[in-house]
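What follows is a set of structures for review.
Note that chain A is present in both complexes that follow, paired respectively with chain B and with chain C.
And now, the complex of A and B:
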């Protein structure tokens, strides 16, 4: 039976330390350059509208990583899980970026409040008056209630993420088991709030880009992608930290194996949800619903849809199936990186047809803004976690996570 | 082990520093074997068993008599009529398939999630699953009208070159439910082999020696056998996991592929799955709470198990509530007047009574499980899970009947009324379910003894401070 070397765990590096300023500097630099490049491309010909859509896609992407992190933390406490204590903090840190993501959301909110229909057609008062269907939805889809909802979402996300992060870091000092009980106690209401806010946020941010279209499963769809994105991010983050000598003993192959299993499960779950949505709309064949997929399978979008079908589901499914793939870190890293890219393809496929419904308008800035925004997210994660231990050192279930192994 | 853990408070402790034992620590391997085997071994079952069996068997006989009547007279004996051609039989089918989801969830998904508390209840739940699927399979079979052609459901090569319509989700149901029944049965039986061998080894009468002997497939309990057994159990669990999602998803397709408002909505598959697990756990609880008292299983199926199941009921009930809410919201948001009409009609139309039974039983009452005191109160638990059973039947009734009885053309609206045959057949299906279940209680090991022993504290476990006795791998 393999034993974690507790002495090594006790003595190893657990803080970002001098790595933090480096990561923050590089990621922030990349982030600013990435997002700024979008502005430049917009100015030299791609147009602001393209930039807006690119930006929205990139924002929806990083938001999903943060929300995925929140889910990982909340569900851990809800189920009183033991195995993932060692890999929990990345979830807390990702979620703790949420208050700051509000700043990144401001440009989108600004466009809506300015009454511009460039991004959301419904935000244009003229459209809201003349388009019959949008007129009927105006009590929900109008700039004021959109703004109020998003403020509410961010307040709820801030409260939840700060709570779990603060209590957890507090426990690093005090080791008080009562904190664990408190987090477990509040995890259930947090989960309810998480489910509702994520659902309505995805309706607002993504579904209402095509304000005529609707799908009841859409919130679950965004959720499944968010968890895929976060788990991939978490796997890569721990590999990165270990490469720099942090948590080399505490995070073992067993934890990667389990993160890999969850990633596999959510790849499957995403496929299940995506299939449910597609098949039911295809089969029902009602024009007001099929139009959404009609756009997404005509012209070059058909190619993107195929990439998604294979890249997000049919290829990684067998790829992550075997035990070997989840325990060989190189292979797991490959799939995690692959899924992070595919998750963006998924978001891109949701957002961009609203910009151009015939041709996937792939522009360099779709990549640079995405990389930029993700870098900003990484910088935020590093900044939030610059002082704290990356291992919940005094969590009462830490020993369980360290002793844990897959049979 | 420690005899000092005797009070309920310690036993049910949520202390994060140390995991509470999964079964009562006063039990040892021997007493587990004795407690469970004794149920199947007593020469005569208690009188109450006979009484229950008599009732259940009579209801079953009534069910089969009614089926005979149905075949002779035709489906006109049911209330199904224009415009609601799908009435009780489909409602009952979906209801029973839903009930049959707890078993596989517990044996497959909770297994993969290393939820070791499942060992005390999995056998029970798996058995219930099989019997529920039997009841479910009955209804579409007799619904075809000309029952002697029921085999046409299967793609049997035939000289008429007649094939089932592969594009119909009703056919997918045949495969989905068929696969599910097969795998659940295998899983149940497979898990039972070591325990059947225990009963065989302890058997006194010649007949039980032979029968348990045949069905335990020569199990000796050697290390090699255990090794292969556990590997194959893991593989079966992995194979059964997608089935938990697939069956009720396909059942939901029966409705959701149609263009009928109230049926055609994309959230149906995960919503049906959550509802199925919800109703399945409610039924496990309905049977488990009395059974553990009756057979003295309180040390194996502890208050912790009851509480955990109540938590699962609360969680899945909330998912169902989420789906109701989102459906309602999107019905308005879609801007489709037919959609909004159907939902308003459900809540305030002629079937409002059924709708509010559904909402209160499935969404409102289970919220009481937020309180620990109620989760641990057997009486209130029984009341709530009974209400859930009722509510989940009504959910299917609301979905099937409200959408059909008032569709696009007001001139063709109607009001569905069940006939006496409808009601008695529903009652009869419970008779069939309980008949099978009572036989299971009488003759088979109703708790997975070998698995329970696997999660009991033993001497060679990891000794690290703070680590629970059962920390480690899957099994």
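And now, the complex of A and C:
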């Protein structure tokens, strides 16, 4: 049984304060070194094409963390949830990085607009002319409409993430409950826009890497991984903040327990969706669909698929099943870190077979660029949140969240 | 109360105390726990956080029960499907292996969820001693507030440490009121009408089962019962029948002008026909390498084994089933290990796969040309392996045989 000491909540540190410049400096440094290492590896022999694929995988990874954060915030308002007010801001901050992620997207957009088929075969005008299937899909898959769509995606994401972040911070000052009402009202259209943009963004960014192939469930697949990634990130982020004396009373084991429950649920949801996609294609046995899994079941990719099956689903599922695993913070931290790595293996498994369909081309840069890009994301989160309180102090449901207790 | 009947005082059920709020209830529960009582319970209009430790209740065993039920569902479903599909009634479906894990996962998932839910639902009932038809606490009018705004604690009279006076003082601290509860009707037997009704219901429930058993063990001249008429009588035409729907009076439609039949575009060379200058090819145009023979084996197992059997003996599941049903029109598949078949040139075997023979349909549409040659190669290897002599074994490895 626990009791939140309201006096302690009132008096404890809620701002990043002097921690912000430190985090930004270290993460930005790591990020630049990580991404630059990819450029160096590309120059000394691995080739630009490999770097492009590594970069795309790492970008899809951080994009999923930001979108997962947006989902967390929007679904909180949509359901008028009370328990997660104390842990909501990390979602708002993650989503608020989306406008800046557009800068990281520019290299990919540049490659497409230059008409290079190195990353997306369909972007090459010669391929689009001669390849029958790609030719038939050209009205959708062409550099111009790709660019227009991505500008639209980022505009929508920017509007939604700014809206929820700004209103929420505004409430820290004014305490106006009408702001909560307004966010709850607009969460419904936001959720619809979120679902549509995430689905089509995943089609463009990941599915069209193999433009012959298609799967209607693909957006849901990317979504399930995105939420797994974000929840793991949120759990680790709050543990990090508490270690530095921030929000030590406001965020309790009850909140970790519920974040853990959601993580557990989405680990299973990922398995459910991944298998749904696999089984329908396996059973239908139509070559134009099975080829995607054919590549991912032959050579060393078969090993990666097994790692995913066990590492992303069959091992963390019993691992997170018990109540104790979610309430012992060391164990929960272990699974959160584990799932952050597995989420990258998942994205790697989606992206890299398009670079080499026979052997998993594991190169040091696949790791360094990923760590670099994730560090850039962390730096962005810290930068966006450098001034604001990390607890929505005047949210009308804050007292509910503080008193929240799993029976 | 009936007049004149000798009436003993009803036995004491327990002592009940009412408290004003959850905090007082928790404090009282902690006192009762510390006084060493085991048989007592708390009653509140809503779940009170922290009541479990205050009452000294150990964490429930329910999760372990659910886990056990879930595991039974998981492995039970796996075992059931393995036994049904691969052991008891092996039947090949679209070339998939008899025991095929991906196809089994949905049933495994559903049964795991179902049995877990059963475990949670019935487990919670049983662990809470439910269903319980009557509780003497309801004799107290005050107790009705337990679903509204009253917080109660009751100590059972059967607790070893129970002493009425002591318990009353213990509970009295901070209580709104303390009352003794008597068991007005200690007879916990169910009324006989309950058993009669239950027996009748049970017998009625057996009727459909009995009817089904009767139908399974007898014959009838009555037409069958149509439950799904839409399915039994579909608005469709049989081939070559007349129809008033179209102006030309035919049910079948002619191909669109300009339609080209698949056979018309096939390229006709020795590799596609198995023939050169009117003679069957004696050598496969596709080399019979180990990997090609393995591909041939895979294709054979998908397309051929259902009838000809995995070893070519003509004993595939379709053939066995037809024999079992004594199908009059059934032409049994050829035993591919016969000397006659073994003597056929590869080109002729290829031709049979391509165009079919007797009852066997043509497989040109399903199997690409190269794969057909691989099947021929595998078949030749199969025939040789089934008719091998010691001469076929390399001299230096013969002693490995026993």
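What we mean here is this: the second predicted complex is superposed on the first by the 406 of 407 C-alpha atoms of A that agree within 3 Å, B and C clash if a C-alpha of one lies under 4 Å from a C-alpha of the other, contacts with A are read in each partner's own complex, and residues count from 1 in each chain.
Quick note on the criterion: a residue touches a chain if its C-beta (ideal position, glycine included) is under 8 Å from a C-beta of that chain, and two chains touch if they have at least 3 such contacts.
Please read all numbers here as calculations on a predicted model, not as lab measurements.
Once chain A is used to superpose the two complexes, chain B occupies space that clashes with chain C. By the touch criterion defined above, A:323 lies against chain C but remains apart from chain B after alignment on the C-alpha atoms of chain A. In the superposition on chain A, A:299 makes contact with neither chain B nor chain C. Of the two partner chains, both chain B and chain C are touched by A:405. By the touch criterion stated above, A:283 is placed in contact with chain B and with chain C alike. The partner of chain A that touches more of its residues, comparing chain B with chain C, is B.
Superposed model on chain A: among 76-84, 310-318 or 400-408, the stretch of chain B in collision with chain C is 76-84, the rest showing no clash.
Residues 1, 272, 279, 283, 285, 405, 407 of chain A contact both chain B in one complex and chain C in the other. Those residues of chain A that touch chain C in the shared complex are 1, 272, 275, 278-279, 282-283, 285, 321-323, 405, 407. Interface of chain A with chain B (complex): residues 1, 79-80, 82-83, 133, 136-137, 140, 177, 180-181, 184, 188, 192, 195-196, 199, 203, 212, 214-220, 268, 272-273, 276-277, 279-281, 283-286, 288, 396-397, 399-400, 403-407.
Residues of chain B that touch chain A in their complex: 14-17, 19, 113-114, 242, 245, 249, 253, 256-259, 264-270, 318, 322-323, 326-327, 330, 333-336, 370, 462, 464-468, 471-475. Across the complex, chain C meets chain A through its residues 47, 49-50, 52-53, 63, 67, 94, 102-103, 105-106, 109.
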